[in-house]
């Protein structure tokens, strides 16, 4: 039977969220753990009024860090849908930023690896987004988060 | 000018997510910090195939811990919309669980307090959901997260 | 060239909204005007936690008042889509009531007739919904409105 | 117990809709009533193929008439979400205008004030939109309405 | 009682899909059948990152082939909603192409005619879309389909 | 470079749609072709007012025909999302049947296999739905289609 690695600290989504959300000095333990698992990961930042810019930033970072191989559509397809799913959490009802007069300042993380106890479950990918969303006016913003997970 | 308290550790949404996501022993520092801020908070668990059950569990916990006052619709209205926004992150495209043959096992947190530097911005409320979503089959699930933030 | 009858008072949607929203004594002039146009109309009330109950109440009233002929799918199809469109206004983001722990108390109206200057534009149908939506707690509700318009 | 002011004529949403929909000479009584309540209000017009233009027009009018104070994010946040909710009624399924090859000619109103019997329920805000939506071809349009209500 | 013409081969949506999907040599029988029914039809191709371009291409083809009469809003309204409904199938969750960093290469068909046994059900319109959707990278795409049907 | 097998007749989605849509005697050539490719496939029928019943029928058929292996969540996850995507085409705007007072009579097909020229793209899965949707009244229905495609 497949199950998610039980202890919370080993979960791919939780790690993706912490990677996207914590400060550098808090991340030391988490990065050590991810390397121990042989999971690949990257982080980055993107400020945007257009969701396609967020998609492009994540795709570029994931390709550069060899988390996905751009030669294979199946890997790009897995990443794309994981990112779109994370955007539902960020946008909460309307998959749109500037067209609805709002902007987002986001940190993101991508992790790929085997999150289940059985290796036959294979590699999965997690995309986490964390940051602020609001009006294009300084300070008129609140926090927002999203997580998408997909098999690769 | 209003701005979100700058240092990440003071942010209401980040604290709400960690409350919902971390293990008890990791939460000691966070709970101490929340008390120092005079922010009210609660956490809980709910397993559900119906979103109304998730809404009810959160509402019950927030009332019991005096985070919202059920005598005032304005507070219940703020909590309701924050919870619905968190559900967009959890459900990623279809605001539905059992009707689409899936179930969720969630931890939740609610925090209320003043998250901006200016006290005139008043109280806000954050609802975080973290857990797993998947088929009604053991192990056939992955992680999911959502965060909703509203002025009170 | 087709155009909507210019003066606001002759518009089908505006009349549908007023029919659903105004008190009986305010409606005298409006009902007189509708009869003058040879437009058919009905009004009704429905309290519901299920959208299918709202759909059924509107359908029943419209059939009883001969606004639609239930022998013809094309007329029922026109009414159905006009009603669904009105529900987007009522529910604002999630086409759902009780499943999201909320209830609605609605008045509705249906008008059919020729709203354009050219008679070749034929008959159209307008469905208006007006009332309150909120938690299943007395007083914890606010107003809501919706309008759907379709060719018949 | 909180309840909406009972008589229909005192309801904030109903007044917002009539403000957005009626002709100037019909509005005399309504404006007198709104002033008697100490409710603030404004009206305006906007023609647009972009929803952000509608959002900006409403925000500008509400700020100019001191219905919201742009120094406080909480007030702008309340207005923003009330406006988005009104847009669900206008767009009925796709929060989009020009991107789906359609345009809208709208009148809008914003009202803020205390709509509940208990003053502890505080100020709320109502945004109403009324007008036509259709193809970018003269006359190829029908009426549309939306209402959003939020606590301030 | 109205019913859809029973034998599958006589159904309007099935014919629309085959028109949009099959190769020219496979279409000979289908086109013969459509002419026998006195149904009007057209086909075309459109590659796009913007849904309004797809809408415009379909509208232009349907007008040119006299499937809809652009003098009457009721016919354009029927075509518009049938096309939007077909787009839900194509885009599966977000009514958007380029804004979400994806592109579509589509064949389309439009058929109008009487699809029910009773002639009182009148004319209906079917819009079918078939092709590929994916990243703006050659080969990074999969198939997609959509069908919208409306009374005229 | 990856590309979809060029000739239309070799495409996985097209074959899935034809499997779900054509009559038995028309399917002989298609089934022969699918076997030649070493693609697995199944077909079935389901009448439902609940989407979870459609999901369950498809899942049961795909497991019984060994198209997916229920021991592995990754395969069930791929099937689930492909089915949900097909439902967007069927429901066109509201992922709901009976709750909106409508019912569907569907044929479905599932195909798994390698649809790209490069074998490194691996197995993909296509779910097609075709049938009628409408009121729970005989004959008050029109056709509907949906297709979802996912990497396995």
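Going by the order they are written in, the chains are A, B, C, D, E and F; count residues from 1 in each one.
Here, a residue touches a chain if its C-beta (ideal position, glycine included) is under 8 Å from a C-beta of that chain, and two chains touch if they have at least 3 such contacts.
Since we're looking at a predicted model, the values are computed, not measured.
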Self-contact between copies chain B and chain D, residue sets same or different by half: same
Contact-pair overlap exceeding half with A-E, pair selected from B-D, A-B or B-C: B-C
Distance from the mean Cα position of chain E to that of chain D, given in whole angstrom: 37
Geometric centre distance via CA averages, chain F-chain A, whole Å: 29
Touching two or more other chains - residue numbers and ranges from chain D: 1-2, 73, 77, 93, 96, 99, 116, 124, 139-142
For the chain C and chain E complex, residues of the former touching the latter: 2, 71-74, 77-78, 81, 116, 118, 120-122, 124, 150-151
List of chain E residues in touch with chain F within their complex: 1-4, 8-9, 11-14, 17, 21-23, 85, 88-93, 115-116, 124, 126, 128, 130, 132, 138-149
Contact set on chain F toward chain C in their complex: 93-94, 96, 98-102, 134-135, 137, 139-142
For the chain A and chain E complex, residues of the former touching the latter: 50-52, 55-56, 70, 73, 76-77, 80, 84, 95-96, 99
